[in-house]
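Working notes, structure below.
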């Protein structure tokens, strides 16, 4: 793990759908190796921001990871530059085994000759990831039969074997038990040793324990930025959240636009 | 984007689960080898002994349909691409073969009979000429469909035309192809198609012994295609294809281009359909637009659905069973076949989406005592698009 | 992996060995054709005949009526004592409007059921598909529908009209009526395209001009453009070779465009009484058809046929040319067998020349050389009651000439 | 020039037919994602309804008018039955609805054959609708085409108004835009689905009545229409009627023009090529309801 750490640098990012501006000129910097939490009320544009960074939606402005511009590249190219993400709903391949899931994630650079052969044994990076995410004992189990938390870990594991340098996680602990949250948080800390991590999360308790820096989005703009303490002290943040209590443990249930 | 949690219990999975090795690889392989030997014995020894010449030639025809089914199983069952226009590729292969055989029947320098009757052409059209050579025509039966599939597939998959859109487009392609063929009666035989094929590389097709030879070639090639498909399904590519089926966007985020992954399966399926069409010609002696339109293209799919779309053998057995049922039932109850065919579609697809193969799986799991996590557990579909 | 490869080689080897071993015994195309025909099973006190028609699919509309009239003929023959003392036992098969199915079912009737003769087929495509099957097995097909000619198979008897018995007389009639220009509309398949070639050659030789020629895909029901073209061309008459459903749409459009039988008559060659019924006299009244038989054709034989048909299938069921030709074909086969004194195919063929039958359409004679039938051509006009009444006939039966060899203007056609 | 204007009208009227047969699909496929291959047989049901009614109401003009609402009910009821018995189980796997409903369409065709016989049946059109209006310059406009144009236009307006104004329409739109949110907001989505299917299938019935003025009435009449109808909806884009309307007329004019310059066969192939090319440019169709779920 000697690879260099990169930071994410977003400048004046704008995304609009049919006249509705979901992200309205966001600029932010995530330092290499940071664990940055993105929070904000529903409709703040958090997921859209991640969508824009990963090429899922068209956007204007600039998104640089290290010294590479990401905007304008197709999804799979951005992915090959080391940018990986998870989704709010778990998106593992449920009809493949844990091992197959990880093996696919590890293989984007494989040649066709390799692809067209059968897998023999367990590739090193896959074995390593299995240990890190704690699913080594379930390698041959179908991913669809995993518990919810385990699926989220598998997703993170897939990003690890993919060897991404920037992880964008969309509500990774939603619906998890306390024990699972703790395990996930520790996993993030371990991962961030040689990667940059951005987390969208509503769970304030989880945020307080594991966030290194926080960006608050509101109505498509950056409202506040800083450490957990700084952000919590910001009166604008308190105003925005008034009437929107976000308690620890309450799973978000409404649509975020 | 939906963040409303869907209840996994009600969110029924659309596609039947992939077979999973039941035990260690060696046992699995042994089972496969045994199954393969059994199939070969049935096709090469039992069938020719038990069946009359006429029934054997019917079986040869069914096996051609089964070849198309193997390809559809790969593209649809594993890759999620509902290829409703396989008749196009079947037709391309069939016409390529029939054109060569017609030219061979006519003899060097002569034109096929129908061209003189209907086309009043003075000389062979330019695009027919290469087919006089078996060295061109034989590879063309496979490569031509693959090339067409490649062009169409690269256009539509790259633009992320999928699901229903893809199915309807491939159907429209079949319709367009039929109209084109019929419109060029002088050079394609129009609705008649290419008929009255006498010889197959010098062998008289009227001779029952040679018909039997054609049957053996078809059976052998079907077995070879099954072996190839089994290998593809079990390779890393096969796993990737399932992943694309269940979460195309997710695969994209892993750094693959799903279009390429799908393209390979689609092109391979097209090649198989082409080969099947080419072998259908000596077996039945005719290729015509009636075999490649929308209706036959959908009928190719029904066998696959009945047998079990995501399995290796399901499509083959399903295709043969449906084709056989059609012949048997329409002999005994002409006219009612349509009802049965319709019912078959409705019942199997609506109530038994895994096809008959899922019944086998169910029985097997029962004997296994439920030790391994059964793929029958209704999994919820990965909803990556919802991201 | 090794096991896997081994199997693949095994399969390949098996194929090659099997193929090579068997190929060694098979005959080459260069050999004399040695395949013996299948002989019909006439050992019992019945003789089987095959009925091969589409009972499902798009062609069922027409072919079911043919099946009905064949059944009528068989019943009448059985009631009168059968053929050579044997009852005729019909074996029905569904061609399902699918040409390869026709070939498959023909083979089944011949080889499995061992029928003495097969009656059926409608479209040229189905006939072309089964022709090699009958030739290979040396079995007999009686084909009851008017067709495009240019064919002569030793194992097919054509009891419908060939082109010189329907299309050419139709043109003669138009010419006599003073038509100088024609517009050709047809379905996109073999019969219309071939018919139109003949029409163009005829027109050229007879000082008529063909102002346009349009084809619609089979089953097409959108005739706005074609009608537009027809109307703006302003021909003296339209020669219509459309088939099936398309006719309905065409005539509805034709009337909507303000074209009538008096302003621009249409001569159709695929519209018989059954079709008139499904299109509606509202659209067809006064239009012309060319056939060899109408329900209204006078004569005792026809009165008997029409009465028997209606008694069996319902008073509202019309009789038509293909039905009549199918009905006649069974009687012709009976006469041939009785003349030959055997069901043997070769003997029946030898006995066929000169066989006559007092058919509903008038006297018909089998021409042994072409295995077609000499028949009288008739042009009729659709009446308000949905029946077609004759306005012209050729007088004597016309000798069949499937390749139009006796017509100088048709020299380049075949 | 006269011919060209005549052709333009032909194109528009082809478009009107396409619109009528595609409108119901725009609702069931476009809004619910169900690929109903039996839609053509619902059209057939509408046509046979006209035929049956004409046996009772013998004055052609009246029977046609009576047939419109009755055919709507008949086809709509068939649609609801289909929805309740089969499609409800298949919302999670839209591609499978294609195969299941194709099976249903086979059964319905055979049923029609057994009930009404294989041959086509005829209906009498009111004399008013078999004539034409002569415009200056030798252009004639067929009355039946005008009637269908008006019918298609009326159907579009009625549907638009219904979707915009009525409570059911609002619910339908809510379900289309976000099924889950609609469900948690207290909308009985299952009932809305059923009503949507009723209306969509009912529109097929109305198309069937209109088609009796133009073409054959027989067991297989639906199969010739279904692919064209689907292409219109696919190219038009889902979730909005606007695209269906524009594409129906666009394809109509394209086909009429192509057919005039070449042949009907070539024109059909041209239309197909144009569609593939168009989907290269806009893979989601002409207009798509922009929600992030489709991104």
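Going in written order, the chains are labelled A, B, C and D, and every chain counts its residues from 1.
In this text, a contact is a pair of C-beta atoms (placed from the backbone, for glycine too) under 8 Å apart; a residue touches a chain by one contact, two chains touch by 3 or more.
All values derive from a computational prediction rather than experimental measurement.
Chains that count as touching both chain A and chain D, per the definition above, are B. Common neighbours of chain C and chain D under the contact definition above: B. When the interfaces A-B and B-C are ranked by how many C-beta pairs touch across them, B-C comes first. Taking the CA centroid of chain B as reference, the farthest chain centroid is that of A.
Look at where the CA atoms of chain A average out and do the same for chain B: the two points lie 41 Å apart.
For the pair chain B and chain C, the distance between C-alpha centroids works out to 35 Å. Averaging Cα coordinates per chain places chain B and chain D 32 Å apart.
One simple way to say how far apart two chains are is to compare their mean CA positions; for chain A and chain C this gives 71 Å. For chain C, residues touching at least two other chains, in rising order: 56, 188, 215, 217. Among the residues of chain B, those touching two or more other chains are numbered 1-2, 4, 6, 13, 15, 179, 182-183, 231, 335, 338, 381, 386. Residues of chain D in contact with at least two other chains: 110, 178, 180-181, 184, 263, 265, 268, 292. Interface residues of chain D, counted against chain B in their complex, comprise 29, 33, 35, 86, 89-90, 92-96, 98-100, 102-107, 109-110, 178, 180-181, 183-184, 227, 230-231, 234, 263, 265-266, 268-269, 272-273, 275-276, 279-280, 283, 292-294.
Residues of chain B touching chain A in their complex: 1-6, 13, 15, 17-18, 20, 231-232, 234-237, 239-240, 242-243, 246-247, 249-258, 373, 375, 377, 379-384, 386-387.
The part of chain A that touches chain B in the complex is made up of residues 47, 51, 54, 56, 75-76, 79-80, 84-85, 87-97, 100-101, 103-105, 107-110, 112, 114-119, 141-142, 144-145, 158, 162, 170, 175, 251-257. Taken together, the chain B residues at the contact with chain D in this complex read 1-2, 4, 6, 11-15, 82, 84, 152, 155-156, 159-161, 163-165, 167-169, 171-173, 175-176, 179-180, 182-183, 294, 298, 301-302, 305, 335-336, 338-339, 341-346, 349-351, 353, 381, 385-386.
Against chain B, the residues of chain C that register as touching in their complex are 3-4, 7-8, 10-12, 14-16, 18-19, 22-23, 25-31, 33-35, 55-56, 92-94, 96, 98-100, 103-104, 107-108, 111-112, 123-125, 128-129, 131-133, 136, 150, 188-190, 193-194, 197, 215, 217-218, 412-414.
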